[in-house]
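One structure is given below, encoded as structure tokens.
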Amino acid sequence: MKRLEGKFNSFLYAVCALWLFGFVALPFLAVLAISFLSRGYSDFVEPVFTIQNYLQIFDFVYLKVFLSSTYLALLTSLLCILVAYPFAYFLARSSERAQAIGLALVMIPFWTSSLIRSYALIAILKTNGFLNQLLIKLGLIDSPLSILYTDWAVMIGMVYTLLPFAILPIFSSVQGLSKNLLEASQDLGATAFQSFQRVILPLTSPGVMGAFLLTFFPALGLFFIPDLLGGAKTLVLGAAIRDQFLMNRNWPLGSALSVLLTLGMFLLLAFNSWVKKRVQAPEEEGAF
Amino acid sequence: MKVFLCFIFLLLSPTLFCERLVIFNWTEYLPSEVIRDFEKETGIEVKLSSYESNEAMYTKLKILRSKGYDLVIPSTYFVEKMIKEGMLQKLDHEKLPNIRHLLPRLTGLPFDVKNDFSMPYLWGTTVLSYNSEKIKETPDSWKVLWKSDYKNQVLVLEDMRETFSIALKSLGYSSNSSSPTEIREAYDKLLKLKENVRLFSSEAPKQAFINQEVTLGMTMSGDLKVIQEENPGIAAIYPKEGFTIWLDSMVIPKGASNPQAAHRFINYVLRPEVSLKIALELGYSTVNKESLNLKAAAQMKENPLMNPSEEVLQRGEFLTDVGRSLLVYEDLWQRLKVE
Amino acid sequence: MKGLRLVYMGSVLCFLYIPIFILVLFSFNKATFSTDWEGFSLQWYTKLFQNQDLLEVTLNSLWLAISSASLSTVFSAVLAILFFRFRLPAQSFLKGTLYSLLMAPDLVLGISLLILFLAIGLDLGYLSLLIAHITFCIPFCFLTIAARMQSFDPSILEAALDLGASQFQTYTRILFPILKPALLSAWMLAFTLSMDDVIVSFFVSGPSYEVLPLKIYSMVRFGVKPEVNALCSLLLLMTLVLLFLSHRLINSKEVR
């Protein structure tokens, strides 16, 4: 590839670079900077250096928020992957036409507002809502379950919102599998389960990892779902950060929380590329 | 494409060239009828934005550097804070002849002695509501919320000061305590209450009671109007150890772009018929002394929730600014949400 | 075994669609609060169209989505072309920034931009929203366009340059027409992301320019109201129509 040439091109590149620097890198540096300052009483920030904010996070309260949010996000991710994997697998192995239809059907909810879809869940999950009415009519329960305003409702809401994000990466990963691989493993005497466990699963792990990343991080930040479905009782990380900025006016603490969230994200991404490299290497060795 | 855009422009143009009044108010706290009547009479277009807590309102105004809104309606203790921090502009009493209609007891309050910055809008109380079909014995104290029979059946307002208030009152302290020990005690009490709490909400308590998601809890006095329409079994009492009387006032932020329109609106709302209309529609108490004499107020006068007696009001307490202890409250409120 | 597959896939699809179905169904319900069906009625739709405020906010969102999608698509196309053609100075830094932007939670993006705007004294309104929306759309548009560029032979551009075309001309006359389907997809993606964005807008919007998702958010927080159902149903319809149109447009281009 040649080096950048042409005044026009250089101008374009400068504009792009400046935009990305000014509106992505710089703001984040500002967040980082603020995380080391103190909160003000009537202003948002006081220019006094401190690491108190980070210490405060390791104080029981915020550590708990981090841990419980991470736990909730992990469960959500896992649930998404568990539900999505068979679906994506079956879809990728069906006919071309079925695949196109199936994909379109999965994408449509993706294209509609997650806010609207969470709202749709309220009517279903509330005490005299559809789910309870159905369960009572079927005779499965005697009195209505109080699902709305609990962690379960939040998790259902998150899975509902993020499921398409889990299906797509796994789908494209399964699609990329060579049919020969399965045949070869069967020829070598493996049972269906063994084929799955030893061949398919490892080879689709980039897809699973992708699904995990695309569901785990949003699950940490989507504060409006716990807001609407969880009765604002549990503080998820996203809501905690939002509250620091828009209610408590403790911007330094909010910034520190954001920095840690971003750091965690980078760590996971690094882990992801490490996993990718491990999976691709055996393929390149041309075992088959 | 061009035709379409022109069409849109024409659609919007009447609004583009109109005079505007941007109001920042509590959610569903201004009847649309009042807005429409004001718009018709003055030709000023009203734009409404809403918030669900004083804290959110205050932070937004701070972010906007007191610009963007012409009229805001905070509660007493935040009016106090905002005056101290220079976020409001002085009201021109000459533009507000209807001041004379105000209830004397609501003017000249300590947080704004000469009403230089605020005019009362609506007042009310925070009461204990309960489902009388499920709870046979009439409760008389906030302490009933803590009873173990009501696990997961209690509703608590998503309002830091109000919620701390019920704990402080049940311990015999003032709702405006600035003593860290007392606040801490209230926090411990609230922690125990959390086991009973089904949800924290200031915006949807009506839904929660109507749909029977909760059996008892804190509500604003006006919420009962809507609740009782759909579910007459819900009743309310004024707890014996005390409750909050709150007053929401109209203020004009320093950076307001249309303070003249804001003044006109304030004066409009101070008319007895208008004040009464607002109070009746929302279920709260009117700030206007003439309103009570109007014919339409007959039913309201009998309603203890909309027109509490003097002896009941003796037990009530206004919330005031607690200065720097606010940070103690805020920290503990965050902890409460987490534990 | 085949049956089991279909049952499983069917139930997942049901899970995804039933709430939406109920939402739309109850926008036609006469009753206000209850979940019992009380008869067919269009009253909520008429009430919706009488709501001046809501209509204005919807137009605001539409205009914001159109402008940010367009600008973001152009930006991403330019960036994609440059990356594709040249070895650029500081390109790993830029690629890293793009990647982080893609993965970053909206929350962090929203607050970092809020801090920036406050620091430089920009009032929150249309401009702050525009900048924010363009920014978070960029990585998605970029990936969409870059994917299409993989199958493009850059020597065509070199040939055109040799024949005397300017850089600008090679882009507008050769590259853009070829990229049209990808540009359209990128635009649609950005448009949808902008229309649906709640979190970033939550932090960087001001009273002078209100957007629809935030309006819905505050309406929804207040409780289930059929007017909201009607609004959501219409938005769903709009999304479906757009999807359908874009599908037709993209396919017709490829046939040629």
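A, B and C label the chains in the order they appear, each numbered from 1.
Everything that follows uses one rule, which is that a contact is a pair of C-beta atoms (placed from the backbone, for glycine too) under 8 Å apart; a residue touches a chain by one contact, two chains touch by 3 or more.
No experiment lies behind these values; they were computed from the predicted model shown.
Participant: Using each chain's Cα centroid, which is most distant from the centroid of subunit C?
Facilitator: B
Participant: In terms of C-beta pairs in contact, which two chains are most connected?
Facilitator: A-C
Participant: Where the centres are mean C-alpha positions, what is the separation of subunit A from subunit C, in Å?
Facilitator: About 18 Å separates the centre of subunit A from that of subunit C.
Participant: Compute the distance, rounded to whole Å, between the mean C-alpha positions of subunit B and subunit C.
Facilitator: The separation of the two C-alpha centroids amounts to 37 Å.
Participant: Hunt down the residues of subunit B that sit against at least two other chains at once, touch-wise.
Facilitator: Answer for subunit B, listing residues that touch two or more other chains: 211.
Participant: Do you know which subunit A residues sit against two or more other chains?
Facilitator: Residues 44, 126, 128, 245-246 of subunit A touch two or more partner chains.
Participant: Give the residues of subunit C touching no fewer than two other chains, as numbers and ranges.
Facilitator: If we look for residues of subunit C contacting two or more partner chains, we find 114, 118, 221, 224.
Participant: Can you name the residues of subunit A that touch subunit C in the complex?
Facilitator: Against subunit C, subunit A makes touches at 1-6, 8-9, 12-13, 16-17, 19-21, 23-28, 30-31, 34, 44, 83, 86-87, 90-91, 102, 105-109, 111-117, 119-124, 126, 128-130, 133, 160, 163-164, 213, 217-218, 220-224, 227-228, 238, 241-242, 245-246, 251, 254-255, 258, 261-262, 265-266, 269.
Participant: Under the stated contact criterion, what part of subunit C meets subunit A in this complex?
Facilitator: Listed in rising order, the residues of subunit C that touch subunit A are 5, 8-9, 12-13, 15-20, 22-23, 26, 34-35, 75, 78-79, 82, 85-90, 94, 97-101, 103-108, 111-116, 118-119, 131, 135, 138, 166-168, 192, 195-196, 198-199, 202-203, 213, 216-217, 220-221, 224, 228, 232, 235-236, 239-240, 243.
Participant: Sort out for me which residues of subunit B touch subunit A in the complex.
Facilitator: Listed in rising order, the residues of subunit B that touch subunit A are 53, 55-56, 59-60, 62, 85, 152, 158, 194, 197-201, 211-213, 324, 327, 330, 334-335, 337-339.
Participant: Please give the residue numbers of subunit B that touch subunit C in the complex, ascending.
Facilitator: Those in contact with subunit C are residues 8, 11-12, 15, 22, 24, 27-28, 47-50, 52, 63-64, 67-69, 203-204, 206-207, 210-211, 230.
Participant: Hey, which residues of subunit C end up touching subunit B in the complex?
Facilitator: Subunit C residues touching subunit B: 33, 52-53, 56, 59, 114, 118, 123-124, 206-208, 210, 218, 221-224.
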